[in-house]
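Two complexes, one shared chain (chain A), two partners (chain B, chain C).
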Partner chain A sequence: MTHLPWFSTRRLLGGLIAVVAALLLLGLPGLVNSYQLFLACLVMTMATAGLGLVLIMGWSGQIVLAQAGFMGVGAYGTTSLVALGLPWPLAVLLAGLVAALIGVAIGLPATRLRGFYLAIATLAFAELMLRIFIEAEPITGGIAGLVVTPVVLGNLDVGGSRWYLCLGLAAVTALAVWRIGRSGLGRRLRAVRDADVAVGSLAISATRAKLLAFALSAFIGALAGAAYAQVLTYLTPHIFGLTLLIELLIVAFLGGVSYVGGPFLGAVVVIGLRELLQDIGSWQRLAFGLVLALVVGFLPRGLASLRSRIGAARRRRADTSTATPQARDVTAGVAS
Partner chain B sequence: MTVLDLSGVDVRFGGNQVLSGVDMQAAAGFTGLIGPNGAGKTTVFNAVTGYVRPTAGQIRIGGQPVPPGGPVPVARLGVRRTFQTPRLVGELDVLSNVLTGLDSELTRGHGLLEFLGISRRARAARSRAVELLGAFGLADAAGEPVANLPLGSQKIVEVARALASRPSLVLLDEPAAGLSAADVDRLVEPLAEIGRADGLAVVVIEHDLEVVSRLCPRVAVLHFGRILTEGPPAQVVAHPDVVTAYLGASVAAVHP
Partner chain C sequence: MSQQIISGLQAGSWYALMALAIVLVLKATDVPNFAMAEMGLFPAFCIWTLVGPLEQSYWLAVPAGLIIGAALALLVERVAIRPVLAESHFTTVLMTIAMFVAINAVTQLVWGSVPRTIDSPFGGSVTVAGQVVDAEQLVSIGAGVAVMLGLLVFFRSRIGVQMQAIAEDRVTPRLLGVSVNRVFRISWALAGMIATVAMLLQGQASLLTDQNGAGLVIKGFVAATLGGFSSVTGAFVGGLALGVAENLAGDFISTSAKSAVALLAIVVVLTLKPRGLFGRARAREV
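Right after this comes the complex of A and B.
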């Protein structure tokens, strides 16, 4: 039923769309002006960071409010390591590992917390990271800021290099997250979320799975941060504050926090909104907060879920038989 | 040979003594555990699988005492269980749910190979899961999100998940409750077959006495946290104490 024959018009159409989209994305620097290309870079960067949230918030079901901080670690880490003379890819990898370690450090106490308490604890760590960005002046330049050395690929110009960097990171991350979703780790994370009581009886360590999710999503956040630094070209600590966090949550939730395609949809909307709202200044944060509340309130599983929801409704109408929807199980404690 | 051996097991929650001196053995093959609601049957499973710690007594699995540290170390000994209400991952399809029963084997060292799509162990796991779904007549539903399945099929998926890793001891908590007659057949026959083929020790909590007598040559009866009697099903259900236990206190008051 989910297996299409290897040749079908639907497959052909899907393949055609994918090829056209890939060609458009690869040829984008020649198709749009430099400002539009800058916006497209932002979309890819935000989507990458959102992919990390798919792992930890979508699949493992933990509310973690530190992704903006991890982007900061990636941005500052990469920029300062490059300033020390490291090649950019190596600097990104190292900054990512540092973020992953911080992720595990946050995760260790956090594996004992749930829901609201976990959210607050991770938010506190995010504040701490922000504080460190401000105070660690020799590395971050403090509130005065830090200039980012642009990466140039081959004989491309800076804008083009930046685009292929952001596109490449987003594509590789999306592919990796998609693979994780279909592998044992993806299953274990969802089991930790939905079948909390049962995981232990399957010899699956919930703590280990959660820590892996913390490390991976922090690593991905740092990758996105490294790209973000390239896009912004100038870093100040407050870039990685509450506004970015709220934007990232919209990116993750608007598209649907369990779907690999979700953050791309969410990122387009968020960057679009940023453009529309840029004149209202500090009201912007309020507006984003409102959007987030609306999304979580009315569309908790995001836009990408609409398709399967419509499909399910159609199936229900076609066959009003015995399907029992299984409620998300949140009961903790002893098995029964 | 005895796979599961409980001797003198007590479980107490606060002032509530739920199990008192439970002695019970299970060898390869099927063992029934019956008794009225609230007798403590599920608590026996919870004690064996590390979900609750007995306040007294000894539980041995394959001759070894139950290790401390909760459910994971017990499961690593090759123990699997199901739950009275199925605990599946609704969003994942049926095949993936069965695969979660095999994922702990992929964790150590094989996660990366599986991620790259080149793990032989992951392929073996998949074919084992497919084989089990076939045996239980769920092959057509393999790609369906498990939340879309009726309760009866969900319970069968949970049994398949418990069997997937070829454990040595399997504990099934009311596997036939809420199943239609057709579903019961779909469950019982393959279960008996796989149990025999894999040489499993299976303990089944079940209210449906027909299911119990089809599967289990021996049955233990639990009542108010004590084992009342133990033996072949036909003999056990005729036992006067069992009749009293099931008919309730009113009869007991008349015939003390």
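Right after this comes the complex of A and C.
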């Protein structure tokens, strides 16, 4: 890894872009119409849910197919707790903790499972949660649905409040996930992914690391669900079904499942596809299926890997034409 | 009570057939195929088109459907699966989920979401040992048994033995002159036909809808898990047991309990006996 000097044009440019992007995002309600703002809210929400998948699928390498269910727990939990009189932030936190507990409950047997066994168990669990959303009519309203009380921040209007809520949640989650990635837990998770059996000899408890990943990603899923409820304003059980699952998989994998920025890119594409193929659910689902197949088949490490791939190809070309063996060693060192 | 068990055995036969298709593909190519049910649902809808709007004979439509099922499986294997065959389960699971959604979307686009009924020639009921049984139920259970026996014989045949050898080790059989690709194609085509039978039987006994696949594929995986994923008889017995347990739970507890049975079964089995009720332990590689 190379260290840039504290002042350089590259750093300055990067900082400038970040500041402009932040200002744009903060001022978005004044720049776009209410429908576009609604779409931007959806992007942030999907990205938040995808960040949970980065943790569990990207870093700890477990196939967990229950994130749509956790979003449902967050959405229904928060909405019904608010209806009971709790303030929204507290309701979100409680719903998140419930989801985390459920996550650990799935995780307990699941930490013994590997590969596709885990996929089956979590998919079966997601089905069960969907059934519960349908059956638990007193809480969820069943098939008939549930109206969500909008949260209003200060003297903002509903649309604006919703945007800052979604943006804030996405930003905080992205920051937290990024921090976790650089912490000891992040390193342990990746170690567990790469050598499940071997880490035992390094006094790393694979089970504990996996359970933490389950709890955290479920918690994040519930946060995203709470925001999703605010955006949709009306909940029915089938919102949290298979289509949401496949959308979340694209969100997580399109950009590259181990990058914190990946889900934001994926969410833009998913919401864009939803918009393009608005009225026809089947075309949407066909597009989602094909996009996921293409990503898995040709870009298993996502669009983010394109850059390093192109870079590698360029370096290889430079190597063969001009570089001396010594220079090649230097570039190889930089690349790693 | 006994009526509940017979309905359970009927549904269990569909689960068992789906499990057999899944196990066949997994055994030969090591791919956990989450698109298995959708790969049978599309040809089942083709059979509906032939029998219903096109007014063809059922006995002509079914073989045609089986051929379509085999062709679809070959197409999926060639286009989507072979490029990622060397990858881990993580990749193949995602790829087959993508296929699951894509094929289901195509089925929806062609036939819509209206439930269809297939006019099968199996009407009425017969009395077996003092118990009234629908002909449709007998056909489902009989087809399940027949496919299981057929697979048992198949695995003892030359190509079946080659298939099992390839599942264990991809290199050595190749050195001995076994065409791995040919074995893969045969196993996928067979599985596609078995999945077609499962979806057809379920569709003609109840209703054929675009949602049938999602439910049945999970049940198939649960049944295969009960059986330990490597044994044909295990998968079959697992399917029947799941069907009966679901029906009894639905009858004695509640309809919502019915949908929890599959999950409960999978959690209990995977926690207590991760290799299934009939599976044998395998060493884990570091």
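By our rule, the second predicted complex is superposed on the first by the 308 of 336 C-alpha atoms of A that agree within 3 Å, B and C clash if a C-alpha of one lies under 4 Å from a C-alpha of the other, contacts with A are read in each partner's own complex, and residues count from 1 in each chain.
We adopt the following convention: a residue touches a chain if its C-beta (ideal position, glycine included) is under 8 Å from a C-beta of that chain, and two chains touch if they have at least 3 such contacts.
Given the structure is predicted, the values throughout are model-derived calculations rather than measurements.
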{"item": "Contacts of A:191 with chain B and chain C, given as first, second, both or neither", "value": "first"}
{"item": "Touching partner for A:85 - first (chain B), second (chain C), both, neither", "value": "neither"}
{"item": "Partner chain in contact with A:138 - chain B first, chain C second, else both or neither", "value": "neither"}
{"item": "Which superposed partner A:258 touches (first chain B, second chain C, both, neither)", "value": "first"}
{"item": "Which of chain B and chain C A:30 touches, first, second, both or neither", "value": "neither"}
{"item": "Which superposed partner A:125 touches (first chain B, second chain C, both, neither)", "value": "second"}
{"item": "First, second, both or neither for A:154, with chain B first and chain C second", "value": "neither"}
{"item": "Chain B and chain C footprints on chain A, overlapping residues", "value": "195, 197-198"}
{"item": "Residue ranges of chain A in contact with chain C within the complex", "value": "61, 63, 65, 109, 112-113, 115-117, 119-121, 123-125, 127-128, 131, 135, 195, 197-198, 242-243, 246, 249, 253, 281-286, 288-290, 292-293, 296-297, 300"}
{"item": "Chain B residues touching chain A - in the complex, by the definition given at the top", "value": "42, 45-46, 49-52, 70-72, 75-76, 79-81, 83-93, 96, 99-101, 103-104, 106-107, 110-111, 114-117, 122, 140, 143-144, 146-151, 154, 161, 165"}
{"item": "Residue ranges of chain C in contact with chain A within the complex", "value": "32, 34, 80, 83-84, 87-95, 97-106, 108-109, 214, 218, 221-222, 225, 256, 259-260, 262-263, 266-267, 270-271, 274, 284, 286"}
{"item": "Complex contacts: residues of chain A adjacent to chain B", "value": "1-3, 176, 179-180, 183-185, 187-188, 190-191, 193-198, 200-205, 208, 258, 312, 315, 321-326, 328-329, 334-336"}
